[in-house]
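Same chain, two partners: chain A is paired with chain B first, then with chain C.
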Partner chain A sequence: MRQDGQALIETAVTLPVLIALFFGFLGAGVGAQAYVDLNTAVYLAAASSVTSYSDEMALSKQYAQDTFDATVRHDSIIQRAQLTCSNNPADYAAGATVTCQGSASIAFSQTPLSIIFGDVPIGASASATRSPYRSRRP
Partner chain B sequence: MRRQSGQTLIMFAITMTFMFLSLVALVGDAVTLMVRYNQVNSEALLAAQAGATAVDEDAFYQGQHRLDMNLAESNCYGTKLLGGTRQTHWVESCAPVAGAPDTITATVRWDVSLPIPLFFPQATVRSTRTGRAVFGGQQAVP
Partner chain C sequence: MVVAAFLLVTFAAVSAAFHAIQRAMAETAAAAGVQIAASGSPTNPDKPYLAGAFQPTHDLLQSVMFQTRIDPGPAAQPCPPKDQIGQATLVVCAYPDGALVAETIRGHPNFPIPWITQLLPWDIDVTVEMHEVSYQP
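Moving on, here comes the complex of A and B:
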């Protein structure tokens, strides 16, 4: 029985599957890391927000935004990152709870993983409570 | 004797299929659990911090640094959680730490449905974190 080229054909069939599997696992790992980074950035933003003076919505949001930006910029695969914190001024009073939501895209299109993945939208949310003794701006 | 040609090929194909599926399930489930654990960990930290804001004022003006535990637990349990349902993702416990009346420990739990339930349909991630009240000084300012 002729077996010339059999190994070549078997390799040609299995190699794409193995490559797809490899890139799939790599993509899953990269995606998970991006999500963890976004979640951490939103958590830190919410925690940072409640350290500002009480009843200062703009300042609290600025604290949150600065923290968020400084955290996500370290991960280049996270693109179009946006942070939104509560718009209700009462949430910025002493003892109140602020909720922040972050969204972003995992930019697989800028990596070799684009042969398998497109850009994937992700989101995260966190709530933090301001101390009831947080003072107002002097 | 029956023909046995191709038997190894079939065994190999079955074994490899199972191994590949297991590998995909392992990676998919592990990644999901890693992401969920990170979220639960952040929520436990924020729950503990929320609880630690409940300073006991009466005690403070008597020179004691401790939490109003009822309020602390209420703040801690009130932490907002994202994802899952109340039955699968919740603040499991908020409790004082023995011997440290200014400290509260929060545990957040999530019974995560695994995306590829090859071996288990569900797994539990849980994180416990502790928060301590900040008093800003040793004495009450009149």
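Moving on, here comes the complex of A and C:
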């Protein structure tokens, strides 16, 4: 009888911890997935930006934005994604480096994990260097 | 009961971690492939090199896709839906999307413990896109 009671108390103490661990692992997995996705989108946006003509800030930014938007729209766990690339025209010259920063929220509210986690803001940054031989628009 | 719950949590953690590694590598491999696909093709520098996306993607994927077949998808078309892709198979597809080029990796990777894939939906469905590269003078 006493042993049954002891087992019951041990279970009552241990089970909530194990359940919290279970959901914690799932949440960490979803969070890591969202971060990798955002990081990839920002990296591709920066890489895309430096493939446009040199000294074309608006066109370079458009390339980056198109790439970023098209990549994050495939990912339902990322919401309110925004991209900002440098505003210095000198960064868009041949041989110069462009830096882009992305931000978003991990939308736990769209998943069963919403009972534990709220939406979590994340950010990522990436740089890319334009070829020193990249030509201007003809 | 506590032992069973502990084993379940441990198992969930290990399998979730393995899936996270596989999916992260799929994202990285797709990003590597789409950069090749968005570049100019060897025969015409103004056209994307869609066929070039598969090999770098395959080479990156195979390191973590345990006994999983990695096949090229239909040329210049989106991948088939997941239910048309067999178990332990991933399909890699590169296709044009307006002024952008998209690459999708979709399918059901194998797991070190074979019967896990019948219990848990550890599918992979990753798509990345990149603006076409222009090589005009």
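Definition applied: the second predicted complex is superposed on the first by the 122 of 138 C-alpha atoms of A that agree within 3 Å, B and C clash if a C-alpha of one lies under 4 Å from a C-alpha of the other, contacts with A are read in each partner's own complex, and residues count from 1 in each chain.
In the analysis below, contacts are C-beta pairs under 8 Å (C-beta built on N, C-alpha and C of every residue); 3 or more make two chains touch, one makes a residue touch a chain.
If you're wondering where the values come from, they're calculated on a predicted model, not measured in any experiment.
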{"item": "Simultaneous placement of chain C and chain B on chain A, clash or fit", "value": "fit"}
{"item": "Which superposed partner A:A128 touches (first chain B, second chain C, both, neither)", "value": "first"}
{"item": "Which superposed partner A:T99 touches (first chain B, second chain C, both, neither)", "value": "first"}
{"item": "First, second, both or neither for A:F25, with chain B first and chain C second", "value": "both"}
{"item": "Which superposed partner A:T51 touches (first chain B, second chain C, both, neither)", "value": "second"}
{"item": "Chain B versus chain C as contact partner of A:V36, first or second or both or neither", "value": "both"}
{"item": "Superposed model, angle subtended at chain A by chain C and chain B (C-alpha, nearest 10 degrees)", "value": "70"}
{"item": "Least C-alpha distance (whole Å) that remains between chain C and chain B when both complexes are overlaid", "value": "7"}
{"item": "Those residues of chain A which chain B touches in one complex and chain C touches in the other", "value": "21, 25, 29, 32, 36, 40, 43, 47"}
{"item": "Complex contacts: residues of chain A adjacent to chain B", "value": "21, 24-25, 28-29, 31-32, 35-36, 39-40, 43, 46-47, 95, 97, 99, 124-133"}
{"item": "For the chain C and chain A complex, residues of the former touching the latter", "value": "1-2, 5-6, 8-9, 12-13, 16-17, 19-20, 23-24, 27-28, 30-31, 34-35, 38, 97, 99-100, 102, 126-131, 133-134, 136-137"}
{"item": "In the complex with chain A, residue positions of chain B that touch it", "value": "20, 23-24, 27-28, 31, 34-35, 38-39, 42-43, 45-46, 49-50, 53-55, 75, 78-80, 82, 134, 136"}
{"item": "In the complex with chain C, residue positions of chain A that touch it", "value": "10-11, 14-15, 18, 21-22, 25-26, 29, 32-33, 36-37, 40-41, 43-44, 47-48, 51-53, 63, 66-67, 70-71, 74, 135, 138"}
